[in-house]
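Note that chain A is present in both complexes that follow, paired respectively with chain B and with chain C.
Entry: the complex of A and B
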């Protein structure tokens, strides 16, 4: 795409910026927010719309996005609870629902006796929280990420979770983002602030009603203070015609533990950036991912783990299953800074090709500047094993079932790490169904 | 050697089979009647596992000559899964590990698939659980083994027991056990032998592939065949295994030479 096209795209978007509550009126207390958005608008203007000439976007051509007139989504007539029922998660006592990016109090479920803050970022009481100002836009690198800059420029509703010191939330928190409109862009946003010794499980879930083409441009920021422990399950099950562009940024303080499982099933083109930053010693992260795609889908995952401090541990397992003419991209960067001694890091990228026309590009990138470190990494690309298929057939299973079972088993290792049984079960079924359809 | 007029389960006639254009089986003849136990012995590389895999329908092997009749059907016309459904069972010399598939899930899927094809009753997870645990007792298997992935991280002995468990569930007409005794200590061997004897009856037949006489102390064969270079070069009763144990495989060659010398 030419630069003019890119700038036209941005102009077109910025003209469409709605006059929302944050821009209107003299709300001095929101100066910081206006500043943040203005800076993001400037950055989005400075950064170009990425093309395949950019190293970071080499395999992922997002030009189809700019060709379509995706205007910001509008607030729509309310959905009913029955519409979202299929997406609800039995174990979760706390649910925030966003329809096309807009918070829906009616569909959300919040228990009254909360020991923690949960709600819409744009709600005046929440925006006032000094913590929101201290963290919003401070972790995601929107200064070198065009789509994160756009998301920040369009910032309106979003999920805010603040876990006070020593607060342990046992039931999973479900953040449900539902897309319902054709040819629009939604800008979901999440901010989680976990204070010292806090614990929670958060499900960030992107779904669609119908098979619309639309754009989701989302940003999630997670900040974990000393000894905070957060499970983060991210599910991308957008419509098969959608575009999904997302960034997650995680900041870890001392002894904190961040465990995430990211599942990518939907969208025609998707790009997920996950950045984890170790800001203090002895923190740990486990980030696992599974992308299972078919047809002409493209799923790109870029992760970056920055061991900026000594004595931290990171484990990563990323798996892709590609069928038909689909294309999966994985780029996993691990940086170990010069003083980050006694870093322990492992990364594994395993890929299953189910069709001769499918494509995998996997690139582990280790940049190690410290000497006393333990770093292991590996990448494999393979097909289903004929001896395994024969073994199953010799027990009476037909070829199709044997192949489906083995494909499912390949992905199950990642699904098994989801600590929410009903969600795990739903995703297992989704993967089994997807396998069956593709065969 | 028994004189058995039971129906023929398997009739292999002049079987030749190749892998990647290399001929491995060079004219095997074998008749197995129901109620019989046949042992096939022979040095490493003589083609025993190849024969077993050809019977089970492994796609890498091509039959270039000869025929296999199984229960009045042309076995070579059937796919691997159809053979299993029709009652052919191979206990693998090297059982395959399948990470991510729980043993319980796999066993139930196999059991129900085969039951459905045979027009018999399928079991729901709870019923199956009771059923499989009963069978596991016979093989003295630990219950936790149901929750583990198929063969993943199993010891050699556990893998072999898992094969026999599958045989117990699928109730084959023709069980082919490829070196099920290798790598088993004597206690495990006795357990496996007890399991096999328990499954054996006048309505089915077993082919035991083994190197060692010690298995045949516990599962007594009606016939012993010696394989070499893709052929069965000698057939006898159970005493043949003892003679092999005492004299080694070279003895057969000398024996054959003597026989050849005597006849001229």
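Entry: the complex of A and C
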């Protein structure tokens, strides 16, 4: 795409921006936000709309998106609690619901005596939090990520969670983002700030009502202070015609632990960027991912784990199950900076091709500048093992059931890492349904 | 890195000397005139001139690639002399007529031609700068119908073969440096193994850059007919210069049905001094086409020299059941940069490929493995195994891995694994308590690390490579 077209795209979006998009009443307090947004607009203007000629977008053609400068979604409130019931998670005591990117207090559930802050970013009391100013837009690399810059520029509202020192939240926090409108773009945003010794489990959940075509452009930022421990479960089950563009950025301080499981099931074209940055020693992260796609879906996952400090550990496993003419892309980069000695890092990319027309592009990538490190990565691409199928057949299963069972087992290994039983069960069912669709 | 380790990687370049032979050097610069001059000097047929001109036109439209993980100052392509040849002499009847100065050069390099030819049974087609000076064992090879000569000779004596295959694996506009080579290549080797012939000896060419500032643009073309097999050795050394020299070679291999080509390289161009001054830029395009069924192409390389190495010996596995192999050791020290790897393009059914890559980085050097495994939709039951291991010596070097895996067929099986390690203090300690000094211990550990690749090398090369590695890493560990 030419540069002018890219700028046209941005202009088109900017013209559609409502004038009072953020809480105009408290403008004097929001200088920092205006500055951030203006910078993001500048950066989006400077960065080109990505094309397959960019190394980072080589296998993911987002040009169909450029033709759809969908207007930002408008606020509606037609949804009732019964509409979202299927998506609710039994264990979660705290639920924030965003409909097309706008906070819906009626659908959300917040317990009164919270020891921690949870709410929507645009709520006046929260926007004034100095923490929001200190962290919003500070972790995600919107200076070299076009879509993250767009999200920052068009930011309407989002989820804010602040866990104070020594606060452990036992029940999972559910952040539910529902898309209901056709041909619009929603810009969801999450910001989690975990202070020293805090603990929580957060579920970031993208769902849709109906089979609309729309764009979700989301950004999540996680900041973990010393010894904070966060479980992050990310579920992307958008509509089959949707476009999902997301970035997560995680900043880890000393001894903190970040565990994430990302499940990709929906969207026609999806792209998820995950950046983890080790800012201090002895932090740990475990990242698991599963993409299960079929039809003409494309699921692209780019991860970047930056070992900037010594003695940190990272483990990553990414699996793709690719059926029909779908196309999965994985690019996992691990950087070990000079002096990041005693880094221990492992990465594995495992891919299962179920159909002759399915495509896999995987690139596990190591960039190592320190010598006293343990780094290994592996990648496999293959189909179901004939011997395993034979074994199951010898036990009386027919070929189809044997295949479905093995496919399910391949994916279930990742689901096992989800610490929320009811969600795990729901996703297991979803995967089971997908595998048995072939019968 | 401890002080003892420090004292062990810094061996000066042993092959650094300039031979004073009168040579004809073309004026600097590149334009159509230069190409016509080269073509005229070499008395080439019209079609080859057109081939060069087409490549030059393509080259003009291309830009220098910058995606590779190496840094170098801008190359002024107009400041290079594109043709250097020793002054023409009468045709040589025997080795005695060869310029004694030239012979001494080979002596210093440890390649006494007659000795090597006689004792080792190796036919050496000696490339000195750009013109082939002496070819030995030609007759013996001619007996079985093998053509092994310089490419300029082949152009005159076997134009139909050269014309058919030149540019068939690496097209003139393949990449920036291949286009440049196609436009200005001066000489190289040509090898043709006829149907059903197993080459009775390892064929070997010694390349040598001599004239200061003269870029080397070698062209190698090897064709193995149905059922033929050949093992080809390429070894490189270059004198010590301060200005950077560009080396942009192209190697094309064609294997027809049931043919087998094994191509081994030991590359030890001048790498620059310990401050990264000088050294060769080695920007090479090597590609083999496994065209026929059951054909096999095997690349083995030991890369120890050059300031910058940038090459990806590749296999296009077009024939059903064809096999591609890549075995590589890349050693970098001081400020050297290496971005090397392979491409395995699976097109035919039941094609198999193996990639074993070992990278060792010492000093302030950086080495990258960059590989592509592509399984086309037609490649039923394709199989690939890749292993890339890196060893870091000292905390200022870098090791990088960029493996691209693209699978378009679900019956394929692709595996890739990579690891990074260092020479452990406890390994050194263990060997020390067995009475082995640090230097020898490092050499042992490194050779063990590279063993899988060295095993693939022909005997003489394996010995040479082991030695090369130990003196390359002398004083780097301690």
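As a working rule, the second predicted complex is superposed on the first by the 431 of 439 C-alpha atoms of A that agree within 3 Å, B and C clash if a C-alpha of one lies under 4 Å from a C-alpha of the other, contacts with A are read in each partner's own complex, and residues count from 1 in each chain.
The rule we apply is simple: a residue touches a chain if its C-beta (ideal position, glycine included) is under 8 Å from a C-beta of that chain, and two chains touch if they have at least 3 such contacts.
Note that the structure is a prediction, hence the values are computed from the model and not measured.
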Worksheet item: Touch check for A:408: first (chain B), second (chain C), both, or neither?
Response: first
Worksheet item: Does the superposition put A:386 against chain B (first), chain C (second), both, or neither?
Response: first
Worksheet item: Of the partners chain B and chain C, which touch A:395 in the superposed model: first, second, both, neither?
Response: first
Worksheet item: In the superposed arrangement, which partner chain does A:367 touch: chain B (first), chain C (second), both, or neither?
Response: second
Item to complete: Give the label of whichever partner, chain B or chain C, reaches more residues of chain A.
Response: C
Worksheet item: Where on chain A do the contacts with chain B and the contacts with chain C coincide?
Response: none
Worksheet entry | Sites on chain A touched by chain B in the complex | 385-388, 390-399, 401-402, 405-406, 408-413
Practice prompt. Report the residues of chain A in contact with chain C in the complex, numbered from low to high.
Written response: 55, 338-339, 341, 351, 353-383
Worksheet, complete the sentence: Interface with chain A, chain C side, in the complex: residues 67, 375, 377, 390, 392-422
Discussion item. For a test of understanding, state which residues of chain B touch chain A in their complex under the given definition.
Written reply: 56-60, 79-81, 83-85, 89-90, 92, 95-96, 98-101, 106, 109-110, 113-114, 117, 149, 166, 170
